[in-house]
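This report refers to the structure that appears directly beneath it.
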Amino acid sequence: MHQNNNYLVETAAQISGVNPKSCMKCGKCTASCPAFDDMDLSPHMFVSMVEAGRIRELMESTSLWKCLSCFACVERCPRGVEPSTLMEAVRLMVIRKQGGHRISADEIPELLDKRIPQQALTSAFRKYSR
Amino acid sequence: MEHRVYSLPKKRMGELFGLISSSRQLFLPMEKGGQFQFSRVDEHTDLEGVSLDRLLTAGSAKELFFPQTQQIAAFRRRGKEIELTSAETLTSAFVAFGVRACDARSLEVLDRAFLGTPRDTMYEEKRSKGTVVTLACNEPEETCFCSVFSIDAASPKGDVETWIAGDTLYWRPGSEKGAELTQELDALLDPCSEEEPEGLIQLKQQIRSIIGKLPLGRLSLEQFRPEALQELFDDPAWQKLSEPCIGCGTCTFVCPTCQCFDIRDFDTGEGVQRFRCWDSCMYSDFTTMAHGNPRTSQVERFRQRFMHKLVYYPANHDGLYSCAGCGRCVSKCPNSMNMVKVMKTLGGAQHV
Amino acid sequence: MQRIGVFVCWCGSNIAAAVDIETVVQAMKSEPGVVYSTDYQYMCSEAGQGKLKDAVKEHGLTGIVICACSPRMHEATFRNAAKAAGVNPYMVEIANIREQCSWIHRDRAEATAKAVVLSRTAVAKVNLNTPLTPGTSDVVKRALVIGGGIAGLQSALDIAEAGYQVDIVEKQPTIGGKMAQLDKTFPTLDCAACILTPKMVDAAQHENIRIYTYSEVEQVSGFVGNFSVRIRGKARSVKADICSGCGLCMEKCPSKKAKDEFNMGLNNRRAIYIPFAQAIPNVPVIDREQCIKFKTGKCGLCARVCPADAVDFEQQDSIIEERYGAVVLATGFHTLSLEHYDEYQYARQPDVITSLELERIMNAAGPTGGKLLRPSNGKAPKSVVFVQCVGSRDTTGCGKTYCSKICCMYTAKHAMLIREKYPEVDVSVFYIDVRTPGKNFDEFYRRAVEDYGVRYIKGMVGKVVPEKGRLLVRGSDLLDDSQVALEADLVVLASAVEADASAKGLATLLTASIDTNNFYTEAHPKLKPVESPTAGVYLSGVCQGPKDIPETVAQASAAAVKVVGLLSKDKLLSNPCIARADELLCSGCSNCEHVCPYGAVSYIEQELRIHGRNQIRRIAKVNEAICQGCGACTVVCTSGAMDLRGFSNSQIMAEVDALCR
Amino acid sequence: MHNSSCTVKETARKILESGQAERLLGWEQDSSGYNHAPAVFKSAGELDRFIYDRFCGSNLSKLLARLREAEGRTAVLLKACDRESFNLLVREHRIDPEQVHRVDIECSGMVDIEKLRNKGIKGIREITESGDELHISTLYGEKRCRSEEVLLEKCLSCPAVSSADAFDAVGQMEERSSLERYEFWKEALSTCIRCNACRNSCPVCTCEQCIFDNPRSGTAGKASADFFEDQHFHLVRVFHAAGRCTDCGECTRVCPQGIPLYLLNRKVIKDINELYGELSLEDKELGKGALTSFSFQDAHPDIIRKRTGDQ
Amino acid sequence: MSVDKQPFKPLIAAFCCNWCSYAGADLAGTSRLAYPAEVKIIRVPCSCRVNPLFVLRAFQRGADGVIIAGCHPGDCHYTTGNYYARRRMTLLFSMLDYLGIEKERTKLDWISAAEGVKFATVMNDFSKEIHALGRNTRFGDLRCTTAVAQ
């Protein structure tokens, strides 16, 4: 189904409950982000792009999946913007668009890798399966 | 003059109402907004709402003769002149059907107040045009105490007296007016052969037997004599009795015998419309005069109401009490204070 | 019944061209109360006013309706004319048939009909008007300034110079406030003490100024022109009148563990102390919580060494009761406590400091003698990082939602001063926005960047981490879209400005309102920026909102002018169109008190005779000197006891009736 | 209920015997078994007539305000629904809490005798309770009725008795079209006889003189000759209670015409809850109400225009 | 209604605060910005002076619409009056709507002394709405409407 841009913006806002307009562009999120080095879009840009309605680009970006959901940005943001929540919302939008299970419990042992933080795997399982 | 009894199968009462309402306005106890009250019935009315089983309407039949609000006159300003128009509206003939014995008695009480001297022409107009068709109370309630005032709910006095016994409506004219109405209904009403049909005799017995068992049926009126006026007036019990009274006017407004009214002007901007409206002796602004209010505390106002009903009125009207024992105040008082409690407290040793 | 005269003005052709004047004049003749109705070309002219005066005499008028231009234009003119003719000025009403009728309606019939309605509406109101007289009250020719910082001092000096008595109440042992703690001031970089201390001396020596230090306002009653104030002077334990300020006591005091508040706790002071060398009064105070004598009963060394025998351990608090005509609030500010900002490690790392602490470190009279040294080890730093907006512009509830306004400038000042004195030290500033509106402000900031090589990084700090004896500052550079990690020896946080804790209590005492941030609210944000909504109470300095020294001084002087303007009057005339409670109707519910923006309503227990019986009732009383006549109280009054003179319930309802007729 | 009835009486006895209060405001038993009137008890001896059962619906805090000038302390029994009224009266200085010995009592719902009658039960002689059933002995035989079916309107959404949402009915009314609402209220309010029971029983209405009784207020309208006056009376009554009404349910309980007045009061409460939420702590401390406080973020009245789209 | 000979002429009462909206109306006048003559202004010191009773009174007396205009939030001459008015009128309008009175008959707007254009626009728009609604039949007192109806 073709999703027009307004719909995407509204959906992101609806899922996250976040108002990107309250961002004052201080960059504290980016300053706090432990996954920054792996991201091509830093958290503050993420917020800024949602504000600008560039959701489709975000949905296609790889940074989306690099966020650890550690909530450092949520914790530190002085304006209550919650970049991580916003990312989660866009991730959900991608998942909902594609539908179906993306990971099952059986697959987890294969995926176990010492370098992957266990927390990330658990949250991935929670997020990507139903 | 003794009138004979007529009968009509109960299921044909709809036709009866139709016939009455074709020549006169007809008022019946009907449900409206969840409450039962006398409402106008015409050919468009759904008779489903008519309830003759319900003992009492929320307001009494008094409303038909002495409405809560009635326009008296209108004044209109023309420049600096004032033009007066009287708001005399003529009432067309009407029939109130299903009036209970207590409400019928209350009209007698009102007559004494309004048709004495000076005569209240507005009341007189309505009274002369209205025909009261009473209905016997098949199932009196625990709040009833009409028998205390020698009212016979088994044989209610009215222009026409009716009974519903089983499947039959019995109809007996009680006055000239009633006889006239009966004549108009000639086509429907079937004259009975006996003076009192068996069904009717049985019903009356049945009603009287229930009345004999009513918990409030044996209140004593002995104490409420004109001679005891001062003693009753000074009774310290009034203080205690009036404690729960919050001074609302519910008892007076549901009372079939309360007759006080106020005259109010309504400024329309270009003139004044003058109305009379029910007033309540329970209100702090009742009979306020230039100097203020004659009764400044609730205990005085409370005492006034009951003294008027039980002592002053009978003293002035040959012993006729201004209470018909309908029990509306008993069931409607927000704080459960009522005529019965007053009578019990002040009425003598056997009830205390 | 009134005898009303109606005067319909043509306003040349302004009204007459659109409204049929004669129709209006004739229509008014049949309105109730009207005994005379006429018209004139220019009612506001000398001749027009003369016509009015003549008519008053000839027809014995008690009320006047002028159908003319807006009351905002000539109400005062016609009221004066009425007064001259012997009619109470408040018996005049204006029907606005120019601005709200003839000028906007083209159709003559329509405009005329509307003019008739507006005129009869005014007639209906005048029928219910009552003569009103402005109240008067005396003015006590003395002002109270609460707070002895630069704001309070400036206000006090200006008032005193104008010839009025002023008392300053300062809760600290010395006047001087926050400015005394500063090193240099932007944008001129002159020394704060050099410009402040002369003012302190001026105030101390001024014949019209009394200074109560170590004192607090405890109770206030009264109203504009006549406040009664109780001031509690806390016991110094040193007799100020005989102490010579020699300082011997301080030298000998064995209790040395108290944090020196003046130096932001960076070093210790004695239990008997003078906050700083130029303190006024130059009289020590004993910190009873620290003093060994007070704690254990033993010691008393100071008393023994005092050559003037001024130490008095028995000294009690003193109570001063005084009356004032006006009050200036100058309670100043504090910097936000940073306990909620763990990420900056302020509480754990001694080398993470606030800007005010840096001021003391940079100050020649400070704990390091003016040398920039790290509090942790006393060594010179090689790199200093400043973080802006710490606790400001924060909507999460940890900090303050507003911009603290002064941080951008003082950070630029600090950065510049460090680079000037220690060119080898790297200085970086993390900022969100640089805000420098002000004379020579932006130039100053640019100098820091361009001439002094301060590195400004657009971004915020995410975390400060101690690493190998230094501090690793992790932040973002948004312009570069990068994360930066700077090694620093000193991290300076620009912590938010917040209203002094005393503001809230004083607001209650004075019924001056405060906003959600505890800054005092001004009577009008644009037109009355130095007045509080409570008449006779004025605002000076940061207590009204963050501001720098020049702005503070400007506001302080403005407040002083307002005070002088008030004190120069012998009597205050009050607007008679004010609220009044009908005592027989009032139920004492306090709702009017709750909505009054001026605190003009108070409650009294009054004995009333009701139905021939005496009853004590709690009833509302409106203070006529304070009430401004907004009418908020009248609407919350359910019994209709509260009414507004000049705009009474019955008057407005009569207007509605006439308008809708 | 029976248990708590004995406990309440015992509590009352202790208070009067110990002298903790000079008098106690409670209910006095009536021989009808349901028409118990509020009464003042001055000594433990008078408590023989004391009753606390399913028929003690009246809110005693209103009567307490009338005893303001009585010497000494007055003890008052407060059911859950009456307590907020009490607090309001304290807040508005109509009751001096120092002069009151407040006793919170339990309640498992009060019976609406009108509802019982509407079930066709007449000629009541005695009512007894057994489990969750009422046994009514009448002139016309024995009747039974589940007590929850005949509770007072105010009990139906009382957290102690039921889990129903008090605002459901208001929500349903809001759903109707403007014209339907108009027709509904026209019918409901036109039965009003202006007896003032709602006003006089309301604990919020304690003005020394009500504007409806004050000919100078311009609002006195004893003669309700036009429907406007019925609307006007109830609108003004509700508005005077706005932000103060504690939903104690007295007005609905006492209305002799059975007008659903709670639909009006709860509408205001619902609006206040939805638009303004809880009062700030500071406002609460000052004893302010929803209409004597404000917030800078309050909605503009246009929100009403946007709320429902119909005509 | 179609047999009505005269076109519907509504009656609109406008309560304007003295400091902002009344001055705004004056400015509209000075700028010759027309709005319908059926809008008639009553001057009050502050929007918080408008008692709901006044609004009801206007409707009782036959007004077809009532508008209250005050200073913008934050601009109140008395600092807080319009905030109280805002709450009170919101609840009043909501209650009127609830009773089935057309909600378009009431309005509150903020008009500053500088907003002559806004004053005229607001009044024109409001008047249009009232025209569209027609005569106020649900909330008037029949006894008062004779004069208006003629």
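Labels A, B, C, D and E are assigned to the chains in the order they are written; within every chain, residues are numbered from 1.
Simple rule for what comes next: contacts are C-beta pairs under 8 Å (C-beta built on N, C-alpha and C of every residue); 3 or more make two chains touch, one makes a residue touch a chain.
Computed from a prediction, not measured in an experiment: that's the story for all the values here.
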item: Chains in simultaneous contact with chain A and chain E; value: C
item: More contacts between chains, B-C or A-C; value: A-C
item: Farthest chain relative to chain A (centres taken as mean CA coordinates); value: B
item: Chain B-chain C separation of Cα centroids, rounded to whole Å; value: 69
item: Centre distance in Å when chain D and chain E are each reduced to the mean of their C-alpha atoms; value: 35
item: Separation of mean Cα positions, chain E and chain B [Å, integer]; value: 47
item: Per-residue overlap in chain E, given as positions that touch at least 2 other chains; value: 52-53, 57, 61, 74, 80, 84, 88, 141, 143-144, 147
item: Residues of chain D touching at least two other chains; value: 209, 218, 225, 291-292
item: Where chain B touches two or more other chains, by residue; value: 266, 269-270, 273
item: Interchain pairs in contact, sorted by label; value: A-C, B-C, B-D, B-E, C-D, C-E, D-E
item: Residues of chain E touching chain D in the complex; value: 52-53, 56-57, 60, 73-74, 80, 83-84, 86-104, 106-108, 138-143
item: Complex contact set, residues of chain C against chain D; value: 584-591, 594-595, 603, 615, 617-618, 636, 638-641, 649-650, 653
item: List of chain D residues in touch with chain C within their complex; value: 69, 91-94, 206-211, 214, 216-218, 240, 286-289, 291-293
item: Residues of chain B that touch chain E when the two form their complex; value: 266, 268-270, 273
item: Contact footprint of chain C on chain E as seen in their complex; value: 11, 13, 22-23, 25-26, 28-30, 32-35, 37, 40-46, 48-54, 57-58, 61-63, 74-75, 77-81, 84, 88, 120, 144, 147-148
